[in-house]
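You will see two complexes here that share subunit A, one where it goes with subunit B and one where it goes with subunit C.
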Partner chain A sequence: MSKQKLVIILLLLLTVQATSVFAVQRFPKPEFETGYIQPETQVPSPRTEILAVMDVVVLLLSLSVISWIVLKKRSRNGVFLMSVFSLIYFGFYREGCICAIGSIQNITLALFDYNYILPLTVIAFFIIPLVFTLFFGRTFCAGVCPFGAMQDMVAFRPQKLGSRLNAILGMVPYIYLGLAVLYAATGTDFIICRYDPFVGIFRFNASFSMFVFAGILLLSGIFIARPYCRFLCPYGVLLNWVSRFSRRHITITPAECIQCRLCEDSCPYDAIDFPVTSRNPESRQVMVRKLMLICTLIPFLIVAGGWTGIRLHETLAGVNGKVKLARQLLDPATLRIQSEPFEITAYKSSGKSQMQVNEEASVMLKRFYTGGWILGGFIGLMFGVVIAGRMLNIWRTDYVPNKGTCLSCTRCVDYCPVKSDLSKVNT
Partner chain B sequence: MPDRREFLNTLIRGSILAGLGLLSGALIFRTGKEGDCGFDFTCGSCSKSKDCKLPRALESRQMVWQLDPSKCIQCGRCATNCVLTPSAVKCVHVYAMCGYCDLCGGYFKPGTKTLNTAAENQLCPTNALKRKFVEDPFFEYTIDELLCIGCGKCVKGCGAFGNGSLQLQVRHDRCVNCNQCSIARNCPSGAFSRVPAGNPSLLKGMGTETETGKLKSS
Partner chain C sequence: MKEQKNPASTIRLLRQIAFVSILFAAILCILILVNWFQLQRADPLNTPVLKTTIERLSNNPDDQQLRDQLRTLDLLARKAYFTSQWQICTGGYLLLISILVVVICLKTIDFIQKKIPDLPGAKTDTFWIDRKINRKWVAFTGIGIVLISLVLAFFTHDELGKMLGEENSRQTDTITDQGLTKNGPSSRQNNVSRNSDLLTPVTTGDTNTKPGLQALNDFPTWAEIIENYPSFRGPGGNGVVYQKNIPTNWDGKTGKNIKWKTTVPLPGYNSPVVWNDRVFLSGANETKREVYSFDASTGKILWAARVDKIPGSPEKAPAVNKETGQAAPTLTTDGRRVYAIFANGDLVAFDFDGKLIWARNLGLPANHYGYSSSLMMYRDLLIVQYDQRGSAFVVGLSGKTGETVWKTSRNVKVSWASPVVIHTGKRTELLLAAEPFVAAYNPANGKEFWKLDCISGEVGPSVAYADGIVFSVNDYSKLAAVQIGETPKLLWENSDYLSDVPSPVASDKYVFLLTSYGTAVCYDAKTGAKYWEHDFENTTYASPVLADGKIYAMDKQGIMHIFKADKEFSLVSEPKLGEGSVCTPAMVNGKIFIRGDKNLYCVGK
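The block that comes next holds the complex of A and B.
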């Protein structure tokens, strides 16, 4: 019993200085007399690196196969099979991580934070789809991205949205991309991963709000084909830009367009550009006026956007942990709360002074000030570019897929009555 | 006649390709601050990592999530914020640190009268912490990981009254290694960080190279 008393006394003594938990061993390791063998603490090792390499190999192979199917075989069934495979491998087997969409944030963080170690696989997942898109168009979207594959399978009754609605909703990805880059660059959060709707389905496990979001996207996806890809996906923005300069791209007709208009309604994504011949060529005066308007509009939108960004930078910084903590500490309301938030407890045990916290928060706020300017300017620029694009009439005689927004799903190919390159056969 | 639009396209394509190449090259070969090897998990920015023969440096490219028990305040968010249910964070018992106390701060609720395994005495909400008699007056405590939900109640108790041998850790046989760990995002004390997959443990008191290195440098 004397031992127990000693234990209690020791406890009383030590609870007073209970700050540094690991510095002292309060109770010495006992010397066992009965030959008791102390079990060893097991540390399970993570997934081996070979499998990460395998992911990259599978990505490369599936991109090669899908590009061949889209450009050479022009087979919708092939694309469908490939997307089933990707959904199973990248979606359900790899559980959606790492994906190309999320890798934007890792790349950004690595560019801004030297201490962040960037795995090679993440670089590969970011770069490889972009390179393939640069040569073959957005074949990645067609059948490698598990998000796209999942939404493509539920697009039963796609409706036309009209070019204006498409353009307005199409602005969202630019804002999303800008925010994702801003929050990744400041080391705040990976918002693409945070608001990732489908990862919960891949893992059969998610929070309620995530399932609701996924449900809304998939249900609306029946009528609005691929809502995430077209109106949210930030990686799609990069692919869109790169794809515009792609070396090769899927064509609706294998030979020459015969203007039969059969493919007009075939595209569920409104990505077919119709012939523009009526108002062309515009008079020189009209063209000059348009150019002048664009040249003044874009700088104005950039400045306006930047100004808005600066106005909003404190709000934007509000989600940053450092800023949040400093605000909580400064807020007199925190003192009155009965149970203090965990953040305050953690701050107290960390041994930081309030000065340090405020200092960190003000550095962060400065970064958000610059970031807010750039973000707003970027969004303004993108608005300007989209408006300019809608003002221009590019002379076009045939039905062609829009190289930027076309997802290379090959649905339109089956609608084209021209089946092979007859002109070449004849000559 | 050479197609002007095609030529411009080729030019832009070339510059995008060069840009992507530069970017990936810079990302792969970037070197950061200089510094001696204090085992502080910054291999990626270490200028010596190429010649480094330490196992961590060799595998430093693949990163996994881990939580640092010395920063952990046992708020209980690990149990609720993981994408997995139950969480990938579990309590791990470092036997080497354990005092085998009869009155275990991690096992018993504060104010327990009789020290037995009765359910009302236990701190663990899921009966995951098992108590077994070894020899007078020592008791062995083991964790049934299938039952553990990673709430950290026992960790708090052990840290406050005992040696701190019970510690929370991300178990990598369960962790799916999300790009952004949803616990890390909500961790109030910033205890979560990416660590090299070759040495994914941040347990204290294991007598590993990490700690001996830290002891030497300090």
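The block that comes next holds the complex of A and C.
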């Protein structure tokens, strides 16, 4: 059996794990007639402070070690081993929570809701990877993020996606980030966590759709390396921005590039920028004019995006609990529903008047109106910036990692025959 | 000398381990899947054995042995379930371990087989062309996202914000109006119906309103409505009951499953409405009009309220057809008050203690057979369809005060049909039928949503609705299926079987029609294809009701024909009441309330 076939079968089998998610308790509680008092549902107590601090310490140590491995040791095996550790600790032991990706939502909610108490651990998990990225590039993605680690392990046959597909799919994280911030800011939902594809595997319990999503990502991850990290991860957007300014970023070659081209196909993430020594066939004057045009158009794109967001604000607000309840109460016929929805039962016991519910929903709709505007404007801005970025003149003589998209996995390093001393070129 | 390891044999070994691991994982998968399917199918607490034991125990509640047996069975079912659950979970862990083994093997193979990369072939420099094309693709993607968003917004936007605003301002206005009522006429009333003195209510009692927000919520939720039977043909007047365990066997003569039977003092063809422990009816003759409240448990008449001395009420009762009578319209209730209307246009609201809250006369209806449209509630609005000769209208009155909140003229002929309130998924529509059209209105403000000319004659049956389709029918006209929307569309029509009194009833798949001469017909709701017809041979005036997957159709002889709401005719039972009936039964909490020619019956186990 070929290795490729083995891998495909393996991942198909992995998705079968989804079945364990149906092992949820769907039994009604026993009905006792003898004065037995049902015990109260026990809520797990929060993680003790010392263990929470330990998580932060482990994160700090992991980032330090991985940065050292990436930048000093330049060892692919080291990165792999670190990934295994992260997968075990942050993935299976910590069950994917807390994670830097989801912390975006906690931070956002804390900014918009003063009643929300933001744990220091969350702040640490949000900031520390960004700080490390500012200094050393995306070493967090390389070997500390358990999501990345899991995908990295199945990237057996990565294929080039082509610059067009990369460009288009590369826009998705901006949208996802915008939506995650909108829903967190309005206190609606933590969608990154709700649709987290891997937590289900770490915890052995999740919804069926969650596992299917994970299965699809892992299966496609055989051929498209790290699809979640590249085309979905909202935290990756922030890391991408910060990494562009990173002080020390991994280089393909430790010394001068000898233009051997061996690294050309080494990056499974299409994150190597090739030398550009040819002149742009379009004249400088034309390009400047086009660039000025797109820069002038950016405000228009923001407005157009904002306008679209406004049009969509009711749809976006549809998942908000308050809006949903108001909508249900407006329907005299939550028709065809034979049993009362939980929301209605909860509403009845809350003692709230319907007008209060309506008012709360109206306030929420207004927030979504503003949020929809900002979300649309942000997406419009990102499209404008990405298009403008592709108009800049470039002159590059060497093969270099793209500081924004490079995940510092060090695969390319292995391909480079140059060692720190040029005289020791592997032949 | 240390022996050199052969990489090829190591690779072969690793491949074999990977293969075995995959095989192991595959077996685990099959076991987990089988277990999972079993779990999915399992409904351990509803096994026949358990059910029978429960039933036996309910018949012999003191049987300790049976009780212990039930507990043992329950425990066994739970154990089996949770063991399966544990097996799946453990299997998941084993699966993960075996997959990890495969990954380790494959990674090690990769490590051993590491090759020096080949020098890539010459590449054409397409950097600038690619960038140019990429710009376009990104731009097109952006445009695509905008278009998709707009399409999504178009299909999902339902003006919720506006609806909430309107709703709140309407409720605020209602409170303001209530405050003004005590001192003078409401400003809203002046605006809406200043042309009609007849529509001025007389507030006679405590309006039962409390100041502040509590008063604003003075109407039932849909969940409360479907727990009861507040109007003609059930919740929303659509002929569909959202309850289960409705009796299918009784005998009025022997008393089998008849919980009680009470004589109704005055005649009337209105059907019972039920709210919690109360059943309401009205009765009238040429000289007297009364509203009755029965105890749903015992059948005792808790109060009987006379309806007289209503300002504007005509001195003499109108001449009506004897098959219509003076009290044909069914009452309605919102759980706070009960509302009744009579053939002379007297409209009253009583609280649950029989105290008159308000009363008014809508004007003597110009109706040659006698007025028979039943009342309907929408939130805190009482809706009255007044399709009379010359000046037909539909009006929405405040349930608390009787004030006119809105009034819409209708250019239709006289009709005897009743309003139906449905929700389309996007909005609530009030559906009315009268020659020449079926029309939908906004029940909150009376504005017309749409209408379609598809009905003619002296319309008696009300419409039925299911899954976006409205079904209207009338004798000498046609059965029409109308797909609703801003531009309604006639989906299909059929004139083979028609009804002049019973209304049709529909499920998502089928529409059931009962003709006045007792033939039941089932059509495909979407296509109009006829599935079956069955002749019950007795004249029928009561409208059929869909409950718990069955149709309950009462004929004039008092025989309830109960058949499955399916595309094949399957008779469930035909219990007899023991006296004639032309009224539609009300079904609540496992009981059926049936008004016979003289008595009100409660059927239940």
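Here is the rule we use: the second predicted complex is superposed on the first by the 364 of 427 C-alpha atoms of A that agree within 3 Å, B and C clash if a C-alpha of one lies under 4 Å from a C-alpha of the other, contacts with A are read in each partner's own complex, and residues count from 1 in each chain.
Here is the rule we use: a residue touches a chain if its C-beta (ideal position, glycine included) is under 8 Å from a C-beta of that chain, and two chains touch if they have at least 3 such contacts.
Computed from a prediction, not measured in an experiment: that's the story for all the values here.
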Touched partner set for A:Lys419, first subunit B, second subunit C, both or neither: neither
First, second, both or neither for A:Ile107, with subunit B first and subunit C second: first
Partner chain(s) touched by A:Arg284 [first = subunit B, second = subunit C, both, neither]: neither
Which superposed partner A:Pro39 touches (first subunit B, second subunit C, both, neither): first
Partner chain in contact with A:Ser362 - subunit B first, subunit C second, else both or neither: second
First (subunit B), second (subunit C), both or neither touched by A:Ser163: second
Overlapping contact positions on subunit A, where the subunit C interface meets the subunit B interface: 3, 7, 14, 22, 27-28, 30, 341, 345
Contact footprint of subunit B on subunit A as seen in their complex: 3-4, 7-8, 11, 14-15, 18, 21-22, 25-30, 32-34, 36, 38-41, 43-47, 49, 52, 95, 97-99, 102-103, 105-107, 110-111, 114-121, 123, 127, 130-131, 134, 189-190, 193-194, 199-200, 203, 205-206, 242, 245-247, 321, 341-343, 345-346, 349-350
Residues on subunit A engaged by subunit C in the complex (per definition of touch): 1, 3, 6-7, 9-10, 13-14, 16-17, 19-20, 22-23, 27-28, 30, 77, 80, 153-154, 156, 163-164, 167-168, 171, 175, 201, 204, 260-262, 264-266, 274, 276, 278, 280-282, 301, 304-305, 308-309, 311-312, 314-315, 317-318, 323, 326-335, 337-338, 340-341, 344-345, 347-348, 353-356, 358-359, 361-362, 365-366, 369, 376, 379-380, 383, 386-387, 390-391, 394, 414-415
Residues of subunit B defined as touching subunit A within the complex: 9, 12-13, 16-17, 20, 23-24, 27-28, 30, 32-33, 42-45, 59-64, 69-71, 73, 75, 77, 83-85, 92-103, 134-135, 137-138, 140, 142, 159-164, 169, 171-173, 175-180, 182, 185, 188-190, 194, 196-197, 200-201, 203-206
In the complex with subunit A, residue positions of subunit C that touch it: 15, 18-19, 22, 25-26, 28-29, 32-33, 35-36, 39-40, 44-45, 74, 78, 81, 84-86, 88-89, 91-93, 95-96, 99, 102-103, 106-107, 109-111, 114, 117, 119-120, 123, 125, 127-135, 137-139, 141-142, 145-146, 149-150, 152-153, 156-161, 163-165, 167-168, 171-172, 213-214, 216-217, 221-223, 225-226, 235-236, 242, 244, 378-379, 421-423, 428
